[in-house]
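As structure tokens, the structure follows; a few thoughts come after it.
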Amino acid sequence: MITVKKLVKRFGLKTVLRGVDFEVQPGEFVALLGPNGAGKTTFLRILATLSRPSLGEVNIAGYKLPHEAAQIRARLGVVSHLPLLYGDLSAEENLRFYARMYGISNYELRITEILEMVGLETRRRDLVRAFSRGMQQRLAIGRAVLHDPDVMLFDEPYTGLDQDASSMLDDVLKTVAAEGRTVVMTSHDLARAENLATRFDILSRGIIAASATRKQMKKSNLLTFYKQALAG
Amino acid sequence: MQQNKPVTLRILDGVSILLIGITVYLALFVAPTEVTMGAVQRVFYIHVSTAWVGMLGFIAAVIPSILYLRTKDMKWDRIEVAAIEISSVFFFLAIVLGSIWARPAWNAWWKWEARLTTAAIAELLYFAYFMLRAGIDNPERRARFGAVYALIASVSIPITFMSIRWVDRTLHPVVFGVSKATSEIEMAMTFDMVKILLFAIFAFSIVFIDLFWNRIRLGDLQEKVEQLKMKVTM
Amino acid sequence: MTVKINKLDRRRKTADRASPLSLRERARVREGSFTKAVSAIVWKDLRAEFRSYELISSMLVFSLLVILIFNFALELDIKTRQSVTAGVLWATFAFAGTLGLNRSMAIEKDRGCLDGLLLAPVDRSAIYFGKFISNLVFMLIVEAIVLPVYSVLYNTNLFQPGLLMVILLGSIGYTAVGTLLAAMSVQTRTRDVLLPILLLPVVLPLIIAAVQASNTILAGNEFSEITSWFNLLIAYDIILTAVAFMLFDYILED
């Protein structure tokens, strides 16, 4: 579903990604872990078509970056730590806007569906300005799933959420993933990642230092795996 | 790109200095004194030449801007910056020399006429250009935004010039031939003067090429230093 | 507190999701409906604005303050005042305009909404046209309020069709370039300060033409004198809109 070969990303003279090789099969849920500054957000932005690779190949759903970026976008859902929502619009207006941007026809039904899925149906007319961080994040996921994307990218979705909101997010993520989507999620929070993902990749110093599926990890636990990968 | 200055460039440096010297000599000593304005008119040769170089720089900035956006090769960005820097310096000189010339002729340091005002606006655009670049840390974005603004500015300047011209009755003298009654200055040019003017323009064109080449080299060397710095700190 | 998460009825099999789109679907995606996106952006901006009135109120108050300052700064008798009306109006619009442009782009940048726009499967130029139209609407609204206020304060009739035309053409060109430059300046460190510095020198020919044309109209002179200024306004609008639109893509990539 996602194939990345020797991806290099430079900002001026600084090289952030130094030849990343990364492959995701359809339906996998990959947790991309790593220390701060490893390049996780940069990597995700490139996958999200928001940033161009300096060198290397990226293929998503059969389309190549950067030339076929538009086709990729239609099948991509992105949740970043910023909500990407307009504070002065209500929840349903935000969804309506994105529905129109994604060219979804007959969106009213879909919007109601999504609001119910993330548990915000009763607050649909309220302005997003008034939402808590947790509610905004749930709505953001709703926005990302609106057009039924095949691939989903989550960049540190748990940032700033309290315990309650985090467990709600867990549920939403599980639902979203269960629908056959391919998911890549970056996170600092090893515990949450361990809970959700089918595969764990560690990004360190600009390359993928280690990768293991859940089955392979049954023997050790995630923290040990993580520390080993960083040390090596 | 060589570490040491290529021989051609060294020669060009020498030739440029020589040509400037000759031009100044011609302007100050050889050129006949103009009938109406007297000795101060001699500034005119250098004034026109610097304005000419300013123009060259301005035009020379357009192509690299387009090429940078197309190819994303940073060398075009360095060429673009070089052209704009040279243009900004020379337009400034032209304005100053123009004022020196204007004072005795028009009894004012400044008049809001088309050419002077457009040169001043060009300076403002260049200032904006450098401010824009200064506010961006990411080198790739800096180059991209610089190129975009350079193109917008280069489209707008000719229109600005035309519009001011339409507003004013120009105070700039009609250079070749006898001036009409509507312009406030009369300056009759003899054939000798025309020859010297053309030589001055030619000389300063060579100076432009010399400065342009040098400035591009400077940009390349700066880039190299940055790369070496990065290697050392890794 | 638990939230009931409802599973969606529709579920596509993993295999379905993995296959590249069929040819027909590809065509549909590429269209992405340009006009829908543009109208979505315009509608979104208008909807948000008519809740908070953030942009319009700040532009309006600023305009009135500028006129006030000019009033005391210039201290004119009635006759001289007529000759500077056009200038005062255009100076006001030029400065107030930067407020609206800045704020309009800052809203997108702040909550990462710009990324939201960039993620949509539409041509980047849809973003340009959407913002351009909404910025233009806000500017025209402010102008529509300032004109009668000025007319009343100074007992002049500003509602002449020629003048309205000039204001429209001038605003179009101003917003066309302003939207592009605002999108740039909002991505720099110096942000708000930078936009007027970038915009005003570029927009000069517009101001020159607009003031000249406005003066002629207000003085009640022959229409034939103004055709060249109108031509300049139209030429500027067309050329700069085309150039801005072509260059907009380059500002948004990373």
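All chains are identified by letter, namely A, B and C, in their written order; residue positions are counted from 1 within each chain.
The rule we apply is simple: a residue touches a chain if its C-beta (ideal position, glycine included) is under 8 Å from a C-beta of that chain, and two chains touch if they have at least 3 such contacts.
All values reported here derive from a predicted model rather than from experimental measurement.
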Shortest contact path, subunit B to subunit C, counted in steps
1
Among the chains, which one keeps its Cα centre farthest from the Cα centre of subunit B?
A
Name the chain with the Cα centroid closest to the overall protein Cα centroid.
C
Distance from the mean Cα position of subunit C to that of subunit A, given in whole angstrom:
34
Mind checking the centre-to-centre distance between subunit A and subunit B? Centres are C-alpha means, answer in whole Å.
51
Multi-chain contact residues (two or more partners), subunit C
253-254
Subunit A-facing residues of subunit C, complex:
1-21, 26, 28-33, 36-37, 39-41, 43-44, 47-49, 51-52, 107, 111-113, 115-123, 253-254
Which part of subunit B faces subunit A closely enough to touch in the complex?
138-140, 226-227, 230
In the complex formed with subunit B, which residues of subunit C make contact?
177, 180-181, 184-185, 187-191, 194, 197-198, 201-205, 208-209, 212, 228-229, 232, 235-236, 239-240, 243-244, 247, 250-251, 253-254
Would you mind writing out the residues of subunit A in touch with subunit C in their complex?
1, 26-27, 45, 48-52, 61-63, 70-71, 73-76, 78, 80, 82-89, 93, 97-98, 100-103, 113, 116-119, 127, 143, 148, 150, 164, 168, 171-172, 175, 178-182
If we count contacts the way the header does, which residues on subunit B are in touch with subunit C in the complex?
69, 121, 124-125, 127-128, 131-132, 134-137, 141, 144-145, 147-149, 151-153, 155-156, 159-160, 162-164, 166-167
